[in-house]
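Chains: A, B and C, in written order; residue numbering restarts at 1 for each.
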Amino acid sequence: MMRRRSLARFLPLFVLLALLAMVLSGCDVDTPQNTLNPEGDVAKKQRDMFYLAMWPALGIMILVEGAIVAFLIRFRRRKGDGVPKQTHGNTPLEIVWTILPAIFIVAVVGIPMLPVLFDIGRAPKDTAYPIIVEGQQFTWVFNYPEIIKKADGKALSTFDEIHIPTKKEIGLTITSIDVIHSFGIPRIAGTRDAVPGQEELMWIKVDKPGTYHGQCRELCGIDHAGMLITLIAHDQEDFDKWAKEAAAGVKRSTDSGDAAVSGGEGGE
Amino acid sequence: MATTWEPREQRSGGLAGALRHMRVVAEQYNIWSWIATVDHKKIGVMYGVTAFIFFLIGGLEALLIRLQLAVPNGAALGLDGDQYNRIMTMHGTTMVFMVVMPMSAAFFNLMVPLMIGARDVAFPRLNAFSYWVFLGGSIFMNVSFFTGDIFAGELGAPDSGWFSYAPLSSRSEGHGVDFWLLGLQILGVASLASGFNFIVTILNMRAPGMTLFKMPLFIWMTLVTSFLIIFAMPVIAVALFELMFDRLFDANFFNPDKGGAPLLWQHMFWLFGHPEVYILILPAMGIVSEVLPTFSRKPLFGYPFVVFSGIAIGFMSWGVWVHHMYTTGLGTVANSAFGISTILIGVPTGVKVFNWMATLWGGSISLKAPLMFAIGFLTMFTIGGLSGVTHSMVPSDFQQQDTYYVVAHFHYVLFGGSIFALFSGIYYWFPKFTGKLLNDTVGQVHFWLMFLGFNLTFFPMHMSGLLGMPRRIYTYSDNQGWDVWNMMSTTGAFLIAISMLVFIANFIISLRRGEKSGNDPWDGRTLEWSIPSPPPHYNFKEIPQVHALDEFWHQKYQEDAEGVPIPVVAGASADEEDEHDGHGIHMPSPSYFPLIAALAFPIIATGMIYDYALVGVGAVILFFGIYGWAIEPATEGEEGHS
Amino acid sequence: MSATAAAGHSLETSTGLDNRKLLMWLFLGSECLFFGSLIAAYLLYRDKSVSGPFPSDTTTADGVFHPGLFDIPFTSVSAFVLLMSSVSMVLALAAIQRGNVRGMRIWLFTTAMLGLLFISGQAFEFTEFNHEGLSLSSNLFGTTFFVLTGFHGAHVTIGVLILLSLFVWSLQGKIGQAQSLNIELAGLYWHFVDIVWIVIFTVIYLIQPELKL
């Protein structure tokens, strides 16, 4: 009985280590929305901040859980045990273990995050390329004020697919025309809510051309799961070519009235 | 159980006569003593059983969610987005409002008078009223499932998520959200009544000599929780009224077309919501603060610090609500300020963990089921708390918000935390109210199955969240890398379900054939262990005189200056059958007015949705109930209202 | 020493306060949060209405002049009525504490009547505003104003019902000097409702910021 008991005491530790292995396996995995495999400038800052909080948290977890298991083993009741010493407390110790963690946590999490927050939350630079993002049930509409269609002189719109040039800050103005949605492309930048009646300005930037994925992140109704986002980042030359073709009405991407094309399908 | 009560003044009249006749019939079937009870112990049992039933219902909803998400593209269960949203909404709403809160209320009811040396709570009828209102509101909300064409697969339940953000909720078609907001209003009334009752009980009815700092820690946590309840519930009540007026009367609180701000709903909801999560965890912390010392045979380490950290959490909980709203565009300054306050609130919470660990240190730890569940709480809550700290790192929260990383966090603190602690309380105090012990070996099986199942369900969610899986989606595609984590979660969920079956079996069998416990099976520290198991209806033959914290322990053991204990000869626990039959102790009389008054609320709520005439009917019933309550003597011919 | 569970009388409680008095104070504390949230909603939405009617004289961006709805003199009178009802309430309590049941009855009835007068004034005011186009759905001002003052009016109405019930019971001889706590509790509630009105009157009627529309 005793042996089974003491082995069982190690079980939490084994479990913890297994969990740790699981966590570490998540890094660098090449899946479409992996926040730990960022490509965008903002997402990289966010990933770095996450690790800054995560490693100490993991360390503390292992220490605390390990200590609890150790205490359970060391101080388990044995036959013939009397009543142990009735320690009521230790005020100096308690003061120290209140103040030290407070300082630690403010120093490790609180202070470093402030400049990053201000950087992420600042307005896009003057030269940023503007795009307006409108969430609606259940599609995303992207308006490009700098791309005027030849056909009717209005700004270009695409659905569910957003095209941007690389190596440039993009100023996204995010809003909604019905309920609250949330616009997030994890490998580029974290999410921002699209609130009706409100306009939220955020900047994104990615250097490597390619296709990046995201989806709506605020419950918005029946097809919330299907409100996917595809972001296509072009080299400047390629982007100018795309913009010209789109303005001329060449069907390389969706245009107003064509919601079903180009990745706009709802969930499977 | 014999009830002694004073003869009531005879009222003539058809209605009173009919009620009296119903009472006679109910008495014959032993239902009367439950329907009209104002005894805190009975009310506590009713709260506990009801909350457990809703735990099973919420668990069923969880299993449906997990089946739906087990594999990509919804191939396993094939729910559509609409059905999924409704089941998911009810799962969250049920677990928060119909499981954890009432289960905590069960413990408040069962334990508070016993731990402070009182015979009952301050307002026994108000106590009964809060239970019946809770039951009515819970049934009302769940009836919504059946208001759609259920055979066509249409569920009428609310569909906007448990926090029902406007304008999704204000525009939701059908009556689902109406059931949600009216049901919550009703539940709010129950919680408020409960909160008031326990504050007055704790402040006013402690045994002589029990100063505030000689109260058991569970009582302190109950007190702080009750204050949080009475100040937080009005805020959500206002928010719910505003949502109701927007939906039913075209008001503009959350209507952006007329200048309203959808974010107002979020501010109000979370101003309530954050104190609410502390309402959910503080009672659990209180339970664990009783179990760990008892099973280590040492006092709680640093009792004053644990008390102060509880009070600090109570105050600070009002200053962090925006951390649920970082992504809503409130601006960097607001996000920074609330980021810092969120970081700081982790401190009093974390300090408690150290105190609990120090309680274990140097103890003589018995690894029985109550302690195992308390350790489950300690270890799992630590993980949940740490993932919470990673949330307070605001920049990366922009990636975590609305993903499964959040789902992992709150299940670690609410399930790993609250639920495990509540089970600890059940195993710990079951003997006190039944006179029997729950089988410990089966309890260990329950614990390990649930512990394993819980971690298997929720730890992978950290991963799927970091890999970008959003919350509240009814399906996902197979190229996201989320498959294996979801499959693990679903497997774990079924393990939890099996553990529940083990528990139910243990409960039923032990109730009938459990080993007799005696008054004090755990060598306890607090007053409830000094009276028989189960307690007589008047609790204490004589109200005890209290000299110290852990009064009962000090009646059994004394300490020298170093803290080394010396047993006292002739234990003070009344192990022998109480010869005193309670003669001369007058307990509050049973009453059916709390039930009548409580019935009014679901009727009024139904009327608000379907036919305003019903509102009138409900109002009349409410008036009749309260009026009768007011003029009915509470006990000993005492007159006056309430 | 009584062994009853819910005796609750001052001498036997740990704080020295009667259970019911403590309960009433807690309830009123909770109500502060309730009315606070409603007042906050009004203040947050003040001058955010997209269209009229408006509380005070406003010229909207399109140049249209909207006369303000508020009639401060009228509302001042009804506020005064409510204030006086608190005075009569105090007199009712003083009477019963001296054992003067008849005096208490008179002042209790007066308080209830003054409360009813206030409610009538509110009803009149609301009907007038409604004729000018103000409703729950008209604009933010309508929404927040009617919900806030409506809940306050409901509280006053419930207060009147309580006062009249006490009045009826006193006629049945059920309220004597020994039961003066009941009058005190009703008084606490009544004064609270009055104070809330003072706040509403000041913050919503009297303090009018410059509206830029």
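One rule holds for everything that comes next: a residue touches a chain if its C-beta (ideal position, glycine included) is under 8 Å from a C-beta of that chain, and two chains touch if they have at least 3 such contacts.
Only a predicted model underlies this, so the values are computations on that prediction, with no experimental measurement involved.
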Graph class of chain-chain contacts, one of line, ring, star, complete, other: line
Among all chain pairs, the one with the most C-beta contacts: A-B
Inter-chain centre distance, chain A versus chain B - centres from mean C-alpha coordinates, in Å: 32
Chain centre separation (chain A, chain C; CA means) in Å: 49
Of all residues in chain B, the ones touching two or more other chains: 257, 259-261
Contact set on chain B toward chain C in their complex: 118-124, 192, 196, 199-200, 203-206, 210, 230-235, 237-239, 241-242, 245, 249-253, 257-261, 264, 268, 538, 543, 584-588, 627, 630-631, 634-636, 639-642
Partner chain B, residues of chain A touching it in the complex: 5, 8, 11-12, 15, 19, 22-23, 25-26, 29, 31-36, 43, 45-47, 49-50, 52-54, 57-58, 60-61, 64-65, 67-68, 71-72, 75-78, 81-91, 94, 97-98, 101-102, 105-106, 109-110, 113-114, 116-118, 120-122, 178-180, 182, 184, 186, 189-193, 195-198, 200, 214-226, 267-268
Chain B residues within the chain A interface of the complex: 72-74, 80-82, 85, 160-161, 165, 167-168, 171, 256-257, 259-263, 296-299, 301-305, 327-329, 331-332, 335-336, 339-340, 343-344, 346-348, 350-351, 353-355, 357-358, 360-367, 375, 378-379, 382-383, 386-387, 389-390, 392-403, 448, 452, 455, 459-460, 462-463, 466-477, 479-482, 557, 559, 562-565, 567
Sites on chain C touched by chain B in the complex: 3-6, 8, 13-15, 17, 19-20, 22-23, 26-27, 29-31, 33-34, 37-38, 41, 44-45, 48-51, 136-137, 139-140, 142-144, 147, 151, 165, 169, 174-175, 179, 181-182, 185
